[in-house]
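Each structure below appears as structure tokens.
Across the two complexes that follow, chain A remains constant while its partner is chain B and subsequently chain C.
On to the complex of A and B.
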């Protein structure tokens, strides 16, 4: 975008560098002069929070890996060794374990924000699809990480999830054996999960790079859903977006710290403090909270193969969202009907999460089916049809106009309180 | 309005399936919650309680239950039971642990040292099963490996009240939850005992505690209830030996983050003030309409 000052190296070294590797200019244009819509609200700060959380997970994870032993006989005890004998090992492990939850929390908020404001629409389809790929990658990484402490839930989660592949006709059983590296979940499984759990975060970091590249190509969407038209519509990334992101990041860290320091095991399952035992199946095998909605979808379908397909489809369908939503209006602010379906969708997702934590019996299954039906209908029926028939509100002419129009008392100011009258 | 109606309908729908779950829970009562010195943001272990709990472990639990992750040296660590290094050394020496091979290659037992962990009561699970018909679990992290369903909405409140003591509350209740006879109509397998709080109620562990079984010299009542609490607190420490350091560090981190957030908030306000679009700048209003505060 033109109109913003270009990078002027201040020091002789940076001038020398800039002629050889223009990294200063890249950073300047990406994170300083980069124009961001002026009306971004706090829901837009979660991208930065996610980048921060990825950093936290990689730093704590690399140090944990220095002390962890990926062997079925030692994994559980080595994690306890970290908790007891490594300096601040308890902090590293609780940061990492709770960090995964915070990562997913931020990712889900980021995703719902994109859905609410139509951030997936033209020209941001590739940006959105990269986001869906990131979601898939963090789901895989989180799952493999959960297996590493080799507690009861680790072992049985690995067993249940890898067994899903056995639903594939003809080659299913062979694939499962190949995944396990044997005829049951065992040491080879733990070793490869550890290897992949260390590898995937760097793949995630690479895709995050692409995600940010695509973002800077098309620019950020904004709550009004209309593209910036004039200089007045945008502000420079630094200081405006950086300070806003920093503030919410600090608030997010307060919540993160609450979990890490005061309720570090709240989000975990007590059974994972019992060493893995292939001979004893836990009463209820439940995944971590962030997989519960998908788990509910899986179990809602009575046929195993179809259940697994529904599970995969529930994530992959997001990649097609830019084309399933036929509306030309981006932001739900100007789509009154979509807004209601969206909030029902959010409630359905939370409801599925709750049902995923319940045993698959009786009414729980019934409701899981109803909610699963809504989940898919939202994408396959509601969005395509709604875009054609919905009567949308008038869009603002520009971002600046929307800022001024945003429910602010321009035309009809509220009367001042009686006490203020002199 | 339409949305509110939808939400209400969903709430009613969601409440319906709760009924069968509640009926099941009725059989196993929720363990009573106790007051623990280590609960909450300023929680600290009660040294006397940890030492009493340790005594209960040594005189009762140790016969069957291992503490294989706990090293003798940690008995003298800060934030623990508060033994001196000399006391911890003496305690370690009372145990016989498996030694290292000598010149002839023979492995003999030797007295424990600070670096050793508590020796297990059985060489392997099979030996334990042969003796007791069940494998007594290692108790090192058992306070975190046990718990009970808190149910909605209590689990939400637990986030704010920092309730993390399901494990110790459950163990305390379990140790006092034995009934001489199962209730009418309930049969339990032979060589098992009826316990109100144990999932399934048939527990292989005989009632371990009786009044006056362990002698307390500090005037603390020598009752099953007191023993149960003391051993639970001790097990909380073995499961989470750095609990005090964690909570103390947490408070420092909290103060830092809150101050940082406040500073960032005001900086943000100041920075953004420069670019704020003010409706009144574009649309002049009569001065009487908006009194300046």
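On to the complex of A and C.
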């Protein structure tokens, strides 16, 4: 925006550089002068947290790869060797394993924030779809990483998930054999999962680049859901967003560290400390907590093919959200009915997660079916219909009006506060 | 106005709006000129473009063949999947023995008389995957039930002698099979698969 000063290289070297590779200017315009809506709350800090967690996973992962052996006879032992013999191996592995959980936690908060404030609506559809692609990629990466320690849960997770493809009519079995590289999950499977687990984070990093590019093209949404109109609606990214992001990142890291140092196995499953055994399935197999809602949807449907389709649809349907939600009001702040359906949706997702951890019998199955029905009805019935019949509240004329007068209309534009001048 | 193709022939007109790439505005007159490309007939150059793109496309597709098929089972994996022989004589009445063939657990179930009768006296029409017991054993060897111990739902290993039919129960998603390995309850769509096998003698089978 015009009010923000453009990049002025301070040193002779940066002036020389700027005429050859304007990276200083790019960083300055993206992370210093970049105008952010002045009303962003803490729910907007999870994008930064996610970028940080991706960095943590790549750094710890590359280091772990120096000590890990992707072979069915050595994989389990090499992980134990990392835990016992490698200098700080225990720390690196616990950071990586718990880091995956923290990554998903931040991703789900980020996703729910987007849904609450309507961040997927025009003109942010592509930004949103890139986010759904990122979700799919981290699900795949997390799954393949979980297989690598080659414990009982690793092995049976690999078996169950690859067998999802056997539900495809006609070619399903051939696809599964192709995925395995054998007649069952075995050494070729472990090898290729290791290769892909190393590759995908860099694909994720690339898509994150596109995600941020799209974000900077359309600008951030904000809690009011109205676009910035004047200079007083925005503040500079640095220091305002930088400090806010840093503060919550520090709080997030305290929680992360609490898991790593005090309860490093709380989110794991004890069966994965038993070496993989193709002859015995553990009595009660469950995926990691972050896949449980999808797992519950899979099990809720008493038909293999339909169950697998529902599992896939539960994720892919997110990509169609910009067109399923017919309301033109973005933020749930001004959509009283949507707000209630949204919170029920959040409870349903958490409930599905809890049901996914329970054995598939009795009332658990019944509730899983009810919750699965709501999950899909939310997207396919509630959102399209609600947008047409809901009485929304009056939107503020501008972001600064919603901040400065708590939503009450203001006659003349308020004078720009000192904090907005950067 | 029209621009002649390199070979001097007139081409199909391709109009582009002013300002986009090929157009320009005449500052003095304020009028807009539109560049047009003409190609009424396909030229030898068009043919070369299509031929070049086709060769590149076929080449790229051919490169995918090794990249994709390398993921299928390799020669050593296939060789390790050769037939195996199982001696049945030590398997007691009512005992289930698990052997491995091609990385898959094979259950060899020495069924009791009671189990055989139960399996035979089922209303086949009411089963999710209708199959009489006789179709799941070799003729004259009713007591030997040989099947692949992999749940047809998502590939877990069912536990023998579990569930309401004293057959197999899958702990993953609750599929229940009877002693004939037929699906009776739960999400699995099909009966437990049967491996290819034959009786070499009354006490010996070859699987594979």
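Keep this in mind: the second predicted complex is superposed on the first by the 403 of 422 C-alpha atoms of A that agree within 3 Å, B and C clash if a C-alpha of one lies under 4 Å from a C-alpha of the other, contacts with A are read in each partner's own complex, and residues count from 1 in each chain.
Note that in this section contacts are C-beta pairs under 8 Å (C-beta built on N, C-alpha and C of every residue); 3 or more make two chains touch, one makes a residue touch a chain.
Keep in mind that this is a model prediction, so the values were computed, not measured.
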Which of chain B and chain C A:283 touches, first, second, both or neither = both
In the superposed arrangement, does A:188 touch chain B (first), chain C (second), both or neither?
-> second
Touching A:170 in the superposition: chain B (first), chain C (second), both, neither?
-> neither
Considering only touches as defined above, state whether A:66 meets chain B (first), chain C (second), both or neither.
-> neither
A:305 contacts which: chain B (first), chain C (second), both, neither?
-> second
Check the residue A:21 against both partner chains and state whether it touches chain B (first), chain C (second), both, or neither.
-> neither
In the overlay, answer first, second, both or neither for which of chain B and chain C A:12 touches.
-> neither
So the chain A residues that chain B and chain C both touch are 283, 361
So, in the complex, the side of chain A touching chain C is made of residues 156, 159-160, 162-164, 166, 177-186, 188, 192, 278-285, 299, 301-305, 307, 359-361
Where on chain C does chain A make contact in their complex?
-> 68, 71-74, 77, 81, 98, 100, 102-105, 152-159, 170-174, 186-189
Would you mind writing out the residues of chain B in touch with chain A in their complex?
-> 2-3, 6-7, 10, 13-14, 16-17, 20-21, 41, 69, 71, 74, 137, 140-142, 144-147, 158-159, 162-164, 166-167, 199, 239-242, 245-247, 249-251, 253-254, 257-258, 260-261, 264-265, 267-268, 271-272, 275, 277, 279, 282-283, 285, 289-291, 293
Any idea which chain A residues touch chain B in the complex?
-> 38, 77, 80, 83-84, 90-91, 94, 235, 239-240, 243-244, 246-247, 250-251, 253-254, 257-258, 260-266, 270-271, 273-274, 283, 340, 343-344, 347, 351, 354, 358, 361-364, 366-367, 400, 403-404, 408-410, 413, 416, 420-422
